[in-house]
Amino acid sequence: MLINCVAYQDGKKMADIPVEDISDYLEKPETFVWVALRDAQPEELATMQHEFGLHELAVEDASRGHQRPKIEEYGDSLFVVVKTIECHGGEVAVGEVDIFVGQNYVLSSRDGDSQQGFQSVRARAEKEPHMLRLGPAFVLYALMDAVVDRYFPVLDMLETELEKIEELIFTQGRQRDNIQRLYELKGKVTTVRHVVAPLMEAVGRLHGGRVPSMCLETQEYFRDVHDHLHRINASLDGIRDTIATAIQVNLSMTAIEESEVNKRLAAWAAIFAIVTAFAGLWGMNFKYMPELDWKFGYPMAIAIMIGVCLYLHRRFKKAGWL
Amino acid sequence: MLINCVAYQDGKKMADIPVEDISDYLEKPETFVWVALRDAQPEELATMQHEFGLHELAVEDASRGHQRPKIEEYGDSLFVVVKTIECHGGEVAVGEVDIFVGQNYVLSSRDGDSQQGFQSVRARAEKEPHMLRLGPAFVLYALMDAVVDRYFPVLDMLETELEKIEELIFTQGRQRDNIQRLYELKGKVTTVRHVVAPLMEAVGRLHGGRVPSMCLETQEYFRDVHDHLHRINASLDGIRDTIATAIQVNLSMTAIEESEVNKRLAAWAAIFAIVTAFAGLWGMNFKYMPELDWKFGYPMAIAIMIGVCLYLHRRFKKAGWL
Amino acid sequence: MLINCVAYQDGKKMADIPVEDISDYLEKPETFVWVALRDAQPEELATMQHEFGLHELAVEDASRGHQRPKIEEYGDSLFVVVKTIECHGGEVAVGEVDIFVGQNYVLSSRDGDSQQGFQSVRARAEKEPHMLRLGPAFVLYALMDAVVDRYFPVLDMLETELEKIEELIFTQGRQRDNIQRLYELKGKVTTVRHVVAPLMEAVGRLHGGRVPSMCLETQEYFRDVHDHLHRINASLDGIRDTIATAIQVNLSMTAIEESEVNKRLAAWAAIFAIVTAFAGLWGMNFKYMPELDWKFGYPMAIAIMIGVCLYLHRRFKKAGWL
Amino acid sequence: MLINCVAYQDGKKMADIPVEDISDYLEKPETFVWVALRDAQPEELATMQHEFGLHELAVEDASRGHQRPKIEEYGDSLFVVVKTIECHGGEVAVGEVDIFVGQNYVLSSRDGDSQQGFQSVRARAEKEPHMLRLGPAFVLYALMDAVVDRYFPVLDMLETELEKIEELIFTQGRQRDNIQRLYELKGKVTTVRHVVAPLMEAVGRLHGGRVPSMCLETQEYFRDVHDHLHRINASLDGIRDTIATAIQVNLSMTAIEESEVNKRLAAWAAIFAIVTAFAGLWGMNFKYMPELDWKFGYPMAIAIMIGVCLYLHRRFKKAGWL
Amino acid sequence: MLINCVAYQDGKKMADIPVEDISDYLEKPETFVWVALRDAQPEELATMQHEFGLHELAVEDASRGHQRPKIEEYGDSLFVVVKTIECHGGEVAVGEVDIFVGQNYVLSSRDGDSQQGFQSVRARAEKEPHMLRLGPAFVLYALMDAVVDRYFPVLDMLETELEKIEELIFTQGRQRDNIQRLYELKGKVTTVRHVVAPLMEAVGRLHGGRVPSMCLETQEYFRDVHDHLHRINASLDGIRDTIATAIQVNLSMTAIEESEVNKRLAAWAAIFAIVTAFAGLWGMNFKYMPELDWKFGYPMAIAIMIGVCLYLHRRFKKAGWL
């Protein structure tokens, strides 16, 4: 589905143009065309391939989808795959944006899984003609910057979730719940990492060292995106590491709690066992058991039992078992 | 066993040719010969070595089999080992394809363990003469691309298996089964990784940087294969990581379940122990135990016992032990 | 909030100057301006950007804060982010200092979270005109050196805390406390590492290899800072490694203690069970149980029970269970 | 102990020569001398040092022994240390071979721990004069190839051992044995890895990149050795990884089995506790316990007990505890 | 404290010289001065800085101490920090030696924690004038070689300790002791690694690649030191890895032992429970319990109990529980 198809000259919007005229505009000097698709159909991609002269392999990747984030050079043009991440009710949803960038065109194609579009990016870019004059590389930066900025709330969500679990990690009786939440959080972190890490690696090649000629002037902007990704990645690594430790701690806490419960039970068991043993003694049927005939034999027996129980109770209390 | 031996000129099939004529065709301009063997016998390989002038060490490797995936340069020619993976009833079967590529020949030798052949690759290549004109390097790409494309269903199988286990990971009483399935899955993932990782590394040297001259024109195609391998490898790493966490979680769950069962048992034991202790008390043979002579002593005793039991039961229920 | 704004010529302080005059002083030869801000407001940063010609992206980073430590080149100037760490009552507080360095200016902007300022750095620098003559690069070194020197007490605190835990790690009944303290310590170490590791990496690019021209003369000083960071980082790695081992050891100790407690309990349970079993035997109601009629049957029974108990007690003692 | 001292010219054996004549032969064109020592004594090494002009440090290393595998260049000559591995009754025995290689000599010195010698290598080399003509570098290759080929049976042994353990890993009651065997296997794998990994790294520098001039012509042969080492190393990594997982699984299995046993015991304990509690009830000495006077009171009591026991037994069976 | 101050010319000792004359000797051709300090006081270091023209930062590091092992170039001179390790009664003591090396001087400064000095190094060097003629770089090598050689006995001590623990790792009832010793050993290994690893890395830059000009002629000697450090480091890695596995195995063994003890206890508990249950049955007060009136009721009851006990005992024995 075509969303926008606009020609820009010298940093300013010329006109919304029909798809068929793209190739005409591409020939004008200081002009570039910025097309936005959503849920691009094969025929649409074929038209675009024809108009812009896109490389067969890049188009194939874009129409198949489910790529890793990457930046590939095809001669003078770039094929960029970035992943969007959105939070819907605690779940992490991953979408894909494929961007073709040439000397005088940008074509972005967003799949249906990412709800947020890039109209705001276009709007802001059109308000900054001095930036837009930098051409397609700047548009690429603006799109990537928008995508990466949307990673931060997701990261916040993950960190908040981790903090919530951490608050309960030493709380008795929460082990089952905690381990389940840790495992689910780990899964989400893995999902986000698979989005962030390859993109970071790819963007790293757009500044410093051997940079595609098109991006030479906008290097510092891509370094900024790279730096954001670096920060997100470092935070993800931190979360992963903390989860790993938390899982170990959870196991330790389970063992410690179990051992505490065991001690408590054992203490009570000992107390009852004493009572039962004494009762058994005086339940024996020997003929000559003088205390049985005493008048205060029974109260005495009860007293002894209670006394022993109290003594044990105190000792266990002291030892921290009760 | 010879499967095919065909000469191509200018991207089009010339003829099926007998093995003895290969060297004649190799002298023609713009011509290359594409031979496919299966379960190659030593004598067949010897003939091929003679016809194509293959390097001794490469032929030795091919006849021995059981190589790691690799790409070796011998002067102007390449010796490529790739592994096929197939799923047979949940099991992972690994086969081997050895490919010799020179300026004007491709020789592929597939061992018997991989059931799927490469006829479809040849058929499709013959329908695209503009691609086939790129020569042996393109044929190499087509073969590798086919092999790597067949990794994806295996990856899907592994991911599906992991998801099935994950669904049950927090289910009570499944720990033994889960740990066994996780261990087996880990084994399969290791097998697949040993196929994918070295190939990825090897293919990485066919694009960017110092590329064998023969592959210069087809670089972007090999980058595509490399990218696929990268994606598979990242997914395998993800699965491995998840399995490791799942094994830890499984241990935690075992400990947690054990502790829950222990609490339940201990609660019941306590209830019975109380009854036994009381019964023991009134089973004592003291002469003067007034309550024994009461008319309603017995019902009272039973009532006390039931009362204490109910009280304990409720407390344990509240504490979440029952 | 402006703290200082001073012009230096030839290593000596010229004058405290008003902000508006900065650009005038920047034109004088052998002169540089060193400005210190705290909790810089957007308007202040805007003024500074105007006076010094700072890069838009750097200013944006500085006004947003919460950056990773980094050193970025913008043409001839550097943008440096370092993190301060302070200990407040066992807690680790992280602050941020952003430093802009150009050919003839240094601008440092400290956020409010770091209580210690850099007046002492300025004072010491002004006492060493031969060093200050090296220009803004030396000031950058002096600031970084001060920040990094303040890491050492934090490191000491972490090491002391670890040693305290280690002393108790084999003490009975401390497992719950130890695991909690280890987990908290791990969190602090992670916080400090996220401050130290990226800075170390960044400073590594200020000596040896391709160094920003401004820092060529002060390379050896930055190597010194790098070396300090290296040392801190190695210590942090050591602490992390030890914590990981300690957590495992804690789990082992929990299991070992549990098993020791279990043995002790089981031994006592066995002793009581024996008494109860014997008492049960002689409590049976068979008519012909000759020992019940013996005069010394009862003492004998008690004697037998005590005998068996003592025997068991001794055996368990020998086996190390009691 | 001198084993062989032979001069070769143009790929063919000239003669067994006495040690004193070595230096004469070294002056002849197209000639090289190949000496094999076993358990070399200091004086023998001193003679050789004199004859061949070996470097002091290399000779010192060789006479001390216990080196890591390595390849060191001393000017035009190489000093190579490789380790042999042999299996003796399940145990792994490590020996050492030191090889000095110069433009026109090869000197190998094997210590007594490795039982297999290299006579077969010499014999085969002498049958291939076209290879032997490549000179000392080829001899070095032949020796290394022989050593590395002897690693494969060891690897097989390790893999077979691992498979045997894996078959029993989910078998009840084997945990103690399994963990012991896994630990011992891990030790053997570590031993072999310390032999293989540094050699792999060292051989990697004999092909591609900056290769010692002497090995330029035989690069592809060393690549072959490198590839073998790579394969062995990958397998060792796989075994290590599997052992690590198996140890974790073993712990899980221990916990799971323990929990199963606990459940079974608890179920039986509950059944007996019920009987005891009931018996206790009817063993009380209340005067008015009507059922005690019933004619069929006793059979009824027994029946009730059996009934309750059967009911519990069935419930536990259903719950999978029995 | 000054220990030695000697001038050497052409590899031979000229004279012990007073500190004040150092600068005179430094001007003579083919001459170098070798000074050894111990527990150098600030004033001593100041004198040396003056005499040799040492770099301020290096002197500062030396006077502060507690550096990581490192090798830093200051122009033409080197500043080297190495750590000594000594064993005192099983404990590992770390000392520090700072070495300043210039074109014509060597200054070593040892702190008081390392008991062994370097007189023997000087003595041996003076006996080898052909080596000493190589100048300060050779002295640096001789010192480092001596330091590194003293690491080997420490390594032996660690390995012996590990072997002792390993012998007991599968011994029953040693878990607590083993885990404690493993933890302590781990600490010692970490200490030694922090000494060895950075030194290895630093020495690696004294041979191959870009070497300080002063060390060009002695490259092979430094490679030898590097190789020793490599060997030590590999052994340390092996020990670390084994400790990690041993800790895991220890946990498994604890769990296995616990489960074995539990089974044994449970078996005995079952046997007693049976007796108690039977005794309870015949202790019931039903009027009509015919067996109670039998003459041989009592012996029969005892016989039945013994019979059941024996039967259970045999079954448990068979199942391996007793």
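The first chain written gets the first letter, and so on, giving A, B, C, D and E; residue counts start at 1 in each chain.
By our rule, contacts are C-beta pairs under 8 Å (C-beta built on N, C-alpha and C of every residue); 3 or more make two chains touch, one makes a residue touch a chain.
None of the values given here were measured: they were computed from a predicted structure.
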item	value
Shared chain contacts [chain C and chain D, defined touch]	E
Type of chain A:chain B copy interface by residue overlap (half), same or different	different
Approximate Å spacing (C-alpha centroids) for the pair chain C, chain E	25
Gap in Å, rounded to a whole number, between the CA centres of chain E and chain A	40
Shared-contact residues (touching 2 or more other chains) in chain E	248, 251, 255, 258, 262, 269, 273, 276, 280, 283-285, 289
Cyclic chain order - from chain B, heading first toward chain D	B, D, E, C, A
For the chain A and chain B complex, residues of the former touching the latter	55, 57, 61, 67-68, 70, 72, 74, 173, 175-176, 179-180, 182-183, 186-187, 190, 194, 198, 244, 247-248, 250-251, 254-255, 257-258, 261-262, 265, 268-269, 272-273, 275-276, 279-280, 282-285, 289, 291-298, 301-302
Parts of chain A lying in touch with chain C, wherever the complex brings them together	169-170, 220-221, 223-224, 227, 230-231, 234, 238, 241-242, 245-246, 248-249, 251-253, 255-256, 258-260, 262-263, 266, 269-270, 273-274, 276-277, 280-281, 283-289, 320
